[in-house]
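Several structures are given next for inspection.
Each of the next two complexes has subunit A plus one other chain: subunit B in the first, subunit C in the second.
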Partner chain A sequence: MAETMEVVKYNFAKQFSKNPGLRFRKLGDFSGEEFREDVLEKFFKENKRILINLEDIESALGASFLSEAFGNLAVKYGLEKFHKIVQIDTSNKIGEITNNEMLLRVKEALERQKR
Partner chain B sequence: MTFHKWQRMKKRSYWKKIKKLDERLKIPSLKSKKYYKIKKYEQRKSKKNKNNIKKNENRTIINIDLKSYINFKHNANDLVFVTKKIKNSLKDIKRKRFIIDHSNIKNASVGGLLYLVGQISKITRTKYSSTKYDLNYNKKYGLDKNNKKLKYLFYKIGYWKYFGISKPYKINIRTQKEYFLAIESHNQNKINLLNNIKKFINSNVGLFKNNYMLEYKFDDIVKEAMGNSLEHAYCENFDEIGKEKGRWWICGHFDKKDKILEILFYDYGIGIRASMKKNLGEEAKIALIDKFSDSYLRNDAELIEMAIRGDLSKYKNYKEHDRGKGFKRFQDFAMSSGYNCELTVISNKGKYQFNYDIIGDTSNVQKEVLSDNIDGMLIKWRIELGESDGRDNGSS
Partner chain C sequence: MKNYQFWLPLIISFFSAIFAYRANIYTKQQTRDSFKNTLRDGLKNAKYKILELEEREYKNHQEKMLIIESISDNLMYQAYPDEKNNYLNDSQRKDLSKLQEEIEDYLGLIMINTAPQENKSFAVSAIKNYLSKL
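Then we have the complex of A and B:
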């Protein structure tokens, strides 16, 4: 029987920030590190799926943010588990483009690990 | 003349008149309360003036004569000269009085002014412990009064306002041809400023209209530049006189006539060479020397090129291998803007300029070695929007 997982809809702008920050906590609020540790990690531990909606953000999740938040988790838990847990809502342009960028950063992180 | 000043002048002349009369008659006359009030004020003022004169007598006057060109295109040496002069005058600053002479300036660029603000802020920070401090505008050392264009540029880019000078002169030009995003500065990650830049762009051109991919890339490069200033431009124990760790500046300019948009970013940190050494650790030697000729040390323009090509992340000691690609994204943005675009990075003695031509889908790189070090790093994107100015950009 296929494993069913609880899906939690996460409005990034409302629940985290309209203006995500940089890579590390030391560089300011709403960093990629903060998002990974305080938000995403919980979903991996509780084995719940997160569907991230980015529609209302004012500024983009930059490459450093994506690399730190998503890339490191793909390395830690493996790509299969990562895709099971993390999903970006691609029904809008912001989500679609951010998702593509996120996949690139995840790929880079996995390549980094191989070296 | 303000009403207050006029009133004060009238009172002073009245007081002087009575004082003279008293001295002549040598008999003190009966005076009103108002007289004693003015007398007290004048005495206090004259004492203050005497003290100021005494104070200034003990001070060394440092004259910083700004040269004809305040830009990196025509003559970067003039800016190098200012850097050196300011650096040399920061010791024992409390005993010094600074005069920054603007009267010889003939030509200035937005990038040159951004750099100059950073340099002058070293004086205010050392002398008054503030990067932004209210200075006085003295017409004698101010801009050429007949150069309206220059006066307009300095005023609109926020050069004077940055140092608390709100109305240095009257601006008569009412142009709709040029728009400015005044100089802003911070020492932390300030995403609100990124939104201000986007507002500035959106109010003038349709660069991001129906093009979220480009907006994404723009957000990314500005955040990358901020992160670069906060993380790499200043080392952990950074303690250089006059400089504040993490400090960066940003500004923008849109020339409506030529349809050119410029966004500039500046920090006065350690520069490209020291930053590479810091990040590469033991492998810095390998990176800084050209492997095709053992003894040849790469110049600063070549180091900028290495960073832009993304060559740094291949070094195994580079802090995590997927990093060190921020500069590469600066150039990617220039190539994907959909217009002719120029990226210029200046740091230490190196100037790197990348030009992308959209029609021919060609690019070229120009590298230049400056006569001396400039402080920190200046990054500029210059987009030629052409006739469409981006407003009819229907790409997605």
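Then we have the complex of A and C:
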């Protein structure tokens, strides 16, 4: 029997920030580290799926943010589990662009880990 | 006479095909050069913007992120995906991706006023290093 998972819709701009920050907490607010530890990790622990909507953000999720928040989780939990839990809503342009960039950063993080 | 009527159109089409093929290669080369020049210009602009950054603590988060976003735009972050695939080799693509992350990290340190001169210098060196590989 197929596993059914609870899906939680997450409005990034309203629930986290319209202007996501950099890689580490020490570099300022709304960092990738903060998003990973305070938001994403809970979904992995509770085995729930997060569907991230980015429609209302003002500035893009940066390269270091994506690498820190998403790349590290893919390394920690494996790609299969990562895709089960994390999903970016690609029904809008910003979601589609960010999803492509996030997948690239995840791939690079996994490659770095293999070396 | 009949032979002449048969071969002439064939010869003309053959040379036309060669001409079209060469023109196509030339256009592709021009597009590749134009893309790389745009990237080089962007990288140089990013370098100047980093050097011109005020050495102070940027306390306004939105201001900080807008400056960083503008520099990331110069590094073609989240832009030109098809051109990057078509006109950069594997190593150039990976290094550009790595450079985008590195520059954000250096900017973060500069903007919390941690060794700003040193971090500016590291950022500029990373850009120059990439430019030399392009």
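Assorted remarks:
Throughout what follows, the second predicted complex is superposed on the first by the 115 of 115 C-alpha atoms of A that agree within 3 Å, B and C clash if a C-alpha of one lies under 4 Å from a C-alpha of the other, contacts with A are read in each partner's own complex, and residues count from 1 in each chain.
Criterion: contacts are C-beta pairs under 8 Å (C-beta built on N, C-alpha and C of every residue); 3 or more make two chains touch, one makes a residue touch a chain.
Note that the structure is a prediction, hence the values are computed from the model and not measured.
In the superposed model, A:Glu108 lies in contact with both subunit B and subunit C.
In the superposition on chain A, A:Gly28 makes contact with both subunit B and subunit C.
Shared-chain residue A:Ser59: touches subunit B and subunit C both.
Using the contact criterion defined above for the overlaid structures, shared-chain residue A:Lys93 touches subunit B, although it does not reach subunit C. Of the two partner chains placed around the shared chain by superposition, neither subunit B nor subunit C is touched by A:Glu37.
Legend: residue contacts after superposition of the two complexes on their common chain; A:Asn19 is shown touching both subunit B and subunit C. Comparing the two complexes, residues 19-24, 27-30, 58-60, 62-65, 67, 97-98, 101, 105, 108 of subunit A contact subunit B in one case and subunit C in the other.
Residues 188-189, 191-192, 194-195, 198, 212-213, 215-216, 219-220, 223-224, 226-227, 230-231, 316, 320-323, 325-326, 329, 396 of subunit B touch subunit A in their complex. The part of subunit A that touches subunit C in the complex is made up of residues 19-24, 26-30, 58-60, 62-65, 67, 97-98, 100-101, 104-105, 108. Taken in their complex, subunit C has these residues touching subunit A: 61-62, 64-66, 68-69, 72, 77-78, 81, 94, 97-98, 100-101, 104-105, 107-109, 111-112. By the touch criterion stated above, subunit A contacts subunit B in their complex at residues 19-24, 27-30, 58-60, 62-65, 67, 71, 93-94, 97-98, 101, 105, 108-109, 111-112, 115.
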